[in-house]
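Presented sequentially are two complexes of subunit A, the first with subunit B as partner and the second with subunit C.
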Partner chain A sequence: MKSILDILSGIRPEFDFSTSQNYLADGMLDSFDVIALVSDLDREFGIRIEGTEILPENFCNLQAIRNLLGKHGVAA
Partner chain B sequence: MNLVFHGKKIEGLLAILPANERLFVDEMDQFDFPRARSLKLKEVMGYDRHRIVDGAVCVSDLAVAGFEHLFAQGLLGRDDFDALILVTQSPDYLMPATSSVIQGRLGLKHDMFCMDINQGCAGFLIGLYQAFMLLEQPAIRRVALVNADVMSRKVSVRDRNSYPLIGDAASITLICRGEKDTPIHANLKMDGSRREALMIPAGGLREPSSPETRIPHADDEGNLRARDNLVMDGSAVFNFVQTEVPPMIDALLAAAQTNAAAVDAYLFHQPNRFMLQKLADKMQVPYAKMPSNVVEHFGNSSGVTIPLALTLNLRERVLGETLTTVLGGFGVGLTWSSMLLPLGPLAFCDMINYPQVS
Partner chain C sequence: MKCVTKIGVLQEAMGQIKRGGPDFSVSFFASASKIEAWIAEGALWLSTCEGALLIHRQDGKLLRVCHVATDQPSLSAALGNLVKERPDQLMVADLVGRPEDIERVTRIYQRQGFARHAQLVRMQRSGTWPATMDGAGNVELARTEDLPELRAFMERWLDPLSEQIPSVAELRAAVASEGVFAVKDDQGLAGILIHETTGQSTALRYWHVVGHRHGQGIGSRLMHAFLARCAASRRVTLWVIAGNVAAIAKYHHYGFSEDGMVDNIMVRQSERVTQ
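Here is the complex of A and B:
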């Protein structure tokens, strides 16, 4: 199974996602990248992130994404 | 607000599509994004191809071609309708109303109620409401509702947020009084405080078009567009749809004292496949009951996506039987609306190209 960092790097291979605390403010993800990320997370972890959960604060850094996955029963 | 109509029905429906089809893979290089990222977007959003008018084709051109087809095929007589409603955001002129342009070009009778409505992605429902209300008048026996937009002419070709999904199209829906008195339940909400989420800032009287408003500027994500172009706050619109639409459908079914199991099909406006599937997930509706394939075939043509979803996915069924459908529209305004509509059997449910190849 891919890690969250693997998935992020698959979307934007030019960035190192392990250090930034705000992927959106730092220009590493745009709004369409977030949609691509949701699609990949859904598929990789067999979940369905809800449309109302697609908010900047849920995808701004690694911990935020972990927290969101945790709500869907995924420890990543 | 909740609405209820009685004794009205859709008789037939024709969709008119520009023959000019463009592929997303052929357009990717016009955006300032790496091809790999655009291909990812293609996969997730369902971008594949879209129909775009060639040159200076206007809404009235598509509508006139559609009516001439109906007349030629004997599906509608020139004197057999008494009101012509056009729902569009891309009229031929600021004035006169494009419905009057269509009436004049077709040489229709003078005993006719023509009106334009400026609405977008909820425009099929808004147009139906107006048609139902006009049919309360004994003098009006049948209404022709035209939904049409050529928004490709107002979207920057270098705007990856909007251009890949935009599509041009028209539809003509005939509405008349029905034999049965099955109630048609509906609801509608509008929020003008969020009007800037979908907007063409310049070109009206508030900010007239000028050389300055035609200069493209890059946004934070690298999309190039001018103030004369459509601008969409994609995140705000996405959030609006996901937040407002599911409770709206729940309220509709509750008001009609029915439930989701009784619904044969959900025909929603189609901005992109991802948004529709997230809605279906939230509402626990099987994807098969909520078609989401209009954008990948034709693009998002505002108020025409519901007629296109019908002709593309349910044509054979609505020609032969009555389906319990839930229609849902949401977009510019902001506006959101839904309708529980018994649909069919229709006299026709067709799709033609513009121009037609003889």
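Here is the complex of A and C:
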């Protein structure tokens, strides 16, 4: 199974996602990328992230994404 | 139809549209700061129907339409309602994604009377560029007093259907953040380049040289100034009309390449015009 960092690097290989605390403010992910990320997380972890969860604060850094996955019973 | 007065109302409405099915589709990608600005202008409206949300924004004579939809029938119904309510309204929709992903949604818009006005392709550039203004010649940063001329330049030379011409407030913000380069002479503005940097990424929004000034190196000087300015950016993106072979060749020359994303610009003419 891919890690969250693998998935992020697959979307935007030019950035190092392990260092940033805010992917959106740092220009590493834009709105199009967030939609791609949601689809990739759904597919990779067999979950369905709801529309109400597609908020910047749920995708702003690695811990936020981990917390979101945790709500769906995924430890990543 | 409901005017959006708070960003939370929009987020809640978007969240109500169930996703997860293969036909889920979204065409609304505005940043929070843009949404806040449109709300402050009272320009953002919502209309809903079962399984679909339309977000529309009045932009001069145009109505810009975006959607969030669970499936195709819901989107089709929502668009049908909007068209019925406002038959005389010129409407524009941007459908962004990989060509294979937006093909079906494009057909839904076509069935509701929209036609493809243009297709844009996204290009991006990674890697480094020397942070030197060599080659930038007489390029200067635009100033606040240039705003009326800048706005008039853009209204005159850009296609408002393919390019979202910035408001004076947006232009003022771009000038304040030193995001507007200009080449001026005694004939006025000869060329402009507008960009926006967020963290490690920069978006090239507009690069235009007046038609009769082509071939004088103005575009090249603007591009050199721009690339020097965003030398620290790890990613630089832009959108260009797919059929604009000359522009695409120039972008290739400067190290950009297509990244596979396209934007189908769909236009629905007023029924008064089409009859």
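Assume the second predicted complex is superposed on the first by the 76 of 76 C-alpha atoms of A that agree within 3 Å, B and C clash if a C-alpha of one lies under 4 Å from a C-alpha of the other, contacts with A are read in each partner's own complex, and residues count from 1 in each chain.
The working rule: a residue touches a chain if its C-beta (ideal position, glycine included) is under 8 Å from a C-beta of that chain, and two chains touch if they have at least 3 such contacts.
Small disclaimer: the values here were computed from a predicted structure and weren't measured.
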| item | value |
| --- | --- |
| Clash or fit, subunit B versus subunit C on superposed subunit A | clash |
| Which of subunit B and subunit C A:D30 touches, first, second, both or neither | both |
| First, second, both or neither for A:R48, with subunit B first and subunit C second | both |
| Partner chain in contact with A:F15 - subunit B first, subunit C second, else both or neither | second |
| Subunit B or subunit C, by number of subunit A residues touched | C |
| Where subunit B runs into subunit C (options 5-13, 77-85 or 113-121) | 113-121 |
| Contacts on subunit A seen with subunit B and repeated with subunit C across the two complexes | 12, 30-32, 35, 48, 50-52, 54-56 |
| Residues on subunit A engaged by subunit C in the complex (per definition of touch) | 12, 14-15, 25-28, 30-32, 35, 38, 42, 48-56 |
| Residue ranges of subunit A in contact with subunit B within the complex | 11-12, 30-33, 35-36, 39, 48, 50-52, 54-56 |
| Interfacial residue positions of subunit B with respect to subunit A in the complex | 37, 40-41, 43-45, 160-161, 220-221, 234-235, 238-239, 241-243, 274-275, 278-279, 281-282 |
| Contact set on subunit C toward subunit A in their complex | 11-12, 14-20, 26, 29-32, 68, 96-97, 126, 197-202, 233-235, 261 |
